[in-house]
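Order of writing sets the chain letters: A, B, C and D. Residues in each chain are counted from 1.
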Amino acid sequence: MIKVGVIGGTGYTGIELLRLLSNHPNVEIVAITSRTKAGTAVSDLFPNLRGHVNLQFIKPNLAQLAQECDVVLFATPHGVAMEMVPELIARNTRVIDLSADFRLSDPTVWERWYGHPHTAPNLLTEAVYGLPEINREAIRQAQLIACPGCYPTTVQLGFLPLLEQGLVDPNHLIADAKSGVSGAGRKAAIATLLCEASENFKAYSVSGHRHHPEIVQGLSRISKSAIHLTFVPHLTPMIRGIHATLYAQLQKEIDLQSLYEQRYAKSPFVDVLPPKSHPETRSVRGTNMCRLAIHRPSVEDNTIVILSVTDNLVRGASGQAIQNMNLMFNLKETSGLNDIAIIP
Amino acid sequence: MIKVGVIGGTGYTGIELLRLLSNHPNVEIVAITSRTKAGTAVSDLFPNLRGHVNLQFIKPNLAQLAQECDVVLFATPHGVAMEMVPELIARNTRVIDLSADFRLSDPTVWERWYGHPHTAPNLLTEAVYGLPEINREAIRQAQLIACPGCYPTTVQLGFLPLLEQGLVDPNHLIADAKSGVSGAGRKAAIATLLCEASENFKAYSVSGHRHHPEIVQGLSRISKSAIHLTFVPHLTPMIRGIHATLYAQLQKEIDLQSLYEQRYAKSPFVDVLPPKSHPETRSVRGTNMCRLAIHRPSVEDNTIVILSVTDNLVRGASGQAIQNMNLMFNLKETSGLNDIAIIP
Amino acid sequence: MIKVGVIGGTGYTGIELLRLLSNHPNVEIVAITSRTKAGTAVSDLFPNLRGHVNLQFIKPNLAQLAQECDVVLFATPHGVAMEMVPELIARNTRVIDLSADFRLSDPTVWERWYGHPHTAPNLLTEAVYGLPEINREAIRQAQLIACPGCYPTTVQLGFLPLLEQGLVDPNHLIADAKSGVSGAGRKAAIATLLCEASENFKAYSVSGHRHHPEIVQGLSRISKSAIHLTFVPHLTPMIRGIHATLYAQLQKEIDLQSLYEQRYAKSPFVDVLPPKSHPETRSVRGTNMCRLAIHRPSVEDNTIVILSVTDNLVRGASGQAIQNMNLMFNLKETSGLNDIAIIP
Amino acid sequence: MIKVGVIGGTGYTGIELLRLLSNHPNVEIVAITSRTKAGTAVSDLFPNLRGHVNLQFIKPNLAQLAQECDVVLFATPHGVAMEMVPELIARNTRVIDLSADFRLSDPTVWERWYGHPHTAPNLLTEAVYGLPEINREAIRQAQLIACPGCYPTTVQLGFLPLLEQGLVDPNHLIADAKSGVSGAGRKAAIATLLCEASENFKAYSVSGHRHHPEIVQGLSRISKSAIHLTFVPHLTPMIRGIHATLYAQLQKEIDLQSLYEQRYAKSPFVDVLPPKSHPETRSVRGTNMCRLAIHRPSVEDNTIVILSVTDNLVRGASGQAIQNMNLMFNLKETSGLNDIAIIP
């Protein structure tokens, strides 16, 4: 059994890690930390875990975690992991960080978007970007994984086959993305109250969103060239799910359906739907799957439309972290991730 | 492996059976029928099942089903099972009926509420009412199980310890029940459109609901006396879940918390919450659990309030059917039913 | 034109007052206060008011308000009005308080439920309880109105004709009430996030809710005797609306439908639906109407069921305040309150 | 008073017409027709209209309607108005058609998208396209108005100032549009059940939607040139509202904010928000307003993003019909359309 510690268990990615890890056949959860809830039983805070998780939250103790855990997962707000990861790495404990701290390889870009200097810049080059469909082999060997954000995962998996093959104009990419409200996290705020976010739809951060530089970094690496992306996120009145509608200008005719199916033939968590499909976010709810569909609305025009859906808390966070963990520990990539989306 | 056939796979209880059965470690689904969708791949209709269920819907053939299946589950509208079950029973195939056809033991009551005569009245006495917390031993031996309705399950589990012990006035029971919209099934109708049922709350069928006689029959058996129940169902703007708020007049002082905890100590799918709790429907979403809490708002008054929550499609239908199946085939009662509710 | 000031304009009852007052034909809004938002244009905070309300929030100045306003409305958290009202009353400015400060006539009850002493107890007897269907004449003359809470309004209008006539057992009243989330107000909190309150249903405060003593006080006055009420509030996943399901034991046979229709014949904001109706909360959304239906599920039993629906922010707060204001200033009772509920 | 008849009053645009017309100061509703509900009181079907509309549905009688009405509004499925309008026009009754029948000026395009020939092609040239911001003067004189669709209204108002001035590349326009479920109408269907459409997000009709040719026709007229538009509609889990996110390639630098503000300075139902705004659909719910915001995410790039929101049933249908009617009868353009959006 892999011994797993979770840092920051009271947010939505934390509880989702607990849900998935507690049913994982090869995992033992040895510690779950929270500064604010130390001493509280996990199942008192999250009654869905009654009978499944019999731990209390504890205060984080790095030396003890390093000793007891094979791997430590961070489900913390940005800025926390960078303070704690160096000691864990130094003690040879592997780390999977679900936060933004190690996603951007350039510390000046990090500082510009997050407003303060990066305190562990030397680890940025060591961290492996945990998108298995791109970095599967590097992930197996990694000491430190930077798990991709929810928007970046959904957008990159959609554009990936096109940009790898240089089939579309990299200077005119558009990602119109719609997210459920859980992307904003489990924190007291007016904007995400049911009364504010229900029966309502809006764009936000059109002038700049923190996931933009991460997506640009990822797509540039994939295309091995500079790219330009217009990224417009929207808040949609539901709990879970991201739907990215991607627009690109095709530069070369090719069988796109076959391209996608072949690219993802060995990826258990990418499902290319039949032509003319419209993937629904609910079809991936609670699961680690990304479902894709490729459209070319007008044959007279070279604009193509890719539809990509994920569950932002699973494929966009906790599920992908476990997918990474499975690879790091030579488990089956799908281990513990076989849930079927609940419909309706 | 138990070979299972499902009759009527295109409704919400049908798809839920497929989701649960396809992850059940001891089950092989051998046939799934639908008259209207015969020839269609299950995963074309329900994309969440892509990669999990690789069957096509077929037209029902009783002889073949009897030959191939150890047990046949009916997820059909009322009136269908009563036509098909006799042949299956005659051929020694066990049957679990999720519909209303075999729940009421008196065929005249059935006719009054469903508007046409019962065509298999002789099986009504043979059918075992599939509420395991009452009939666990009879279920193990049964050839034919009549699975309880969603409201009856939630209400009976809430009142059960009180009525068994004769602690409350049986003539003044009130069940104020609130159901998610999926209780109305997957059928084209105006009343359950999102535009009609969202941002709205209402009672319905206050003058008489088909689940009323089933609940009365169950509570009367439990209390071994006539009972009188006022039952008011409401439609609540969400997909899944039933919350029953139960009112009764206590006739004898007793430690109710202990009573409930002891009564359900050996029931893996009834969870008695600590005193002063308020169970949430989402804490059981997608699971077979019923969570209960007992309140006595005023010590000067003998009115007690029991809160009981279930997922209407799992504990109120498909999950409970599998719980029955597990008992019938000497499997662990929880086999295939270990999912944790997804929160948020 | 009546000159109106609003204290505390940034909550849900405040914005609702602005919406209703700005379309009121006899009203001029002269001031809207907020300590935290002073200097901000109202329409910057609430874009729906762009082009309708061209005021900025200002800090409250009682002397100036008393001079400029015919009436001041308080849409503040409890504890605020009791500090400011005495000066306004002393300066002969009339006051309508939407908060809880002047609802309970006994200051010791107030202190028990709100946790600190009442600072203006001498005004408690002067304040008129602003439920027009009971106190219409007193309201016309009042200097200080205590507007009823949302639950108390919905429950009292439902029980009123029965208790006035002594037709039901006053010792066994039950109010099972379901509220939309806006009842919790516009404040940052985890429990009312969309991700917590959507797709979920639960009871809360079953052991005691602050509206309980207010309802008991009101029902006791109506019945001219002590009453006992079991009150169970629930949170339902929608923005607006209260649905109260009321249970009582009939002690005397009477034509209940006629009773209700006659009692409310001259009440423009109580609508008694035809027999066997099920009022929907959406049918009163955004309006000041209370719709009622009377049921007797079983003729063999004396339990009757009253269904009562209101919009908690209009009839339960801001609309009722304006109904009171109309009476106080000899306007038509319905002035400014003619909106039709938006369906769907 | 203008005497108004409504054909087809049982759908969502019909009920919305009744809500708006019954509070219109210059209107008398003289007839409301429905073949299926003839004889039923309007307020029995729509309880929100109790006390506001005291009519029964009647079967349509064109001669009588022509005699009694100054104007007849069609809120019918496509294909109905084209059969009835010619007689009304021949009898000199003015007509406002909310359906698609007279929107496309080329009958061959109509036939291609709606599957059968147009039966009144000679009226297609006479019909005035009822988008007041483009055709205000023609509308005043019109006998027959073809009211724009909901998507076409929202998209055209967003692109209008840019295309009029030839500022963007007309060959690379993208409209990523999100609609509430009420756009699908009030008809029994599985896809728009709460259980299917809630907690879910999906694109639909990416390969071709009936509103596409209407938008293309409109934008081509505005730009006085051929245009190419990629149009992707999505279904969002809410009742009302359209959010169109529009992408275009700027060809000439200009102060876009001023351009929009000046273009719409005299349009009471277009509100250009301050720079960097994100209009919310709820800010226009129940109203005839279209709110717009202009963004240029990256100064290094010429992609601009226009956000445009409307209420699909008001600005996208019934409200715009009344705006047209006001113009036709020399009323104030805003008459009867002053409602403020309800928030929350």
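Definition applied: a contact is a pair of C-beta atoms (placed from the backbone, for glycine too) under 8 Å apart; a residue touches a chain by one contact, two chains touch by 3 or more.
As the structure is a prediction and not an experimental result, all values here were calculated from the model.
For the pairs B-C and B-D, the count of C-beta pairs in contact is higher at B-C.
When the contact pairs of A-C are matched by residue number against B-D, A-D or A-B, more than half turn up again in B-D. Remark: subunit B and subunit C have CA centroids separated by 39 Å (rounded to whole angstrom). Inter-chain centre distance (subunit C to subunit D, centres taken as mean C-alpha positions): 37 Å.
Between subunit B and subunit D, the centres computed from C-alpha atoms are 45 Å apart.
For subunit D, residues touching at least two other chains, in rising order: 12, 182, 186, 195-196, 198-199, 237-240, 279-280, 282, 285, 344.
Put simply, subunit D touches subunit B in their complex at residues 12, 181-182, 186-190, 192-199, 237-239. Within the complex formed with subunit C, the residues of subunit D that make contact are 12, 15, 19, 22-23, 46-52, 182, 186, 198-199, 239-240, 271, 273, 279-280, 282-287, 291, 338-344.
Of all residues in subunit A, only 172, 174, 176, 178, 180, 195-196, 198-204, 206-208, 228, 230-232, 234, 236-241, 243, 245, 247, 249, 276, 278-282, 285, 295, 297-298, 300-301, 303, 305, 307, 309, 344 touch subunit D in the complex they form.
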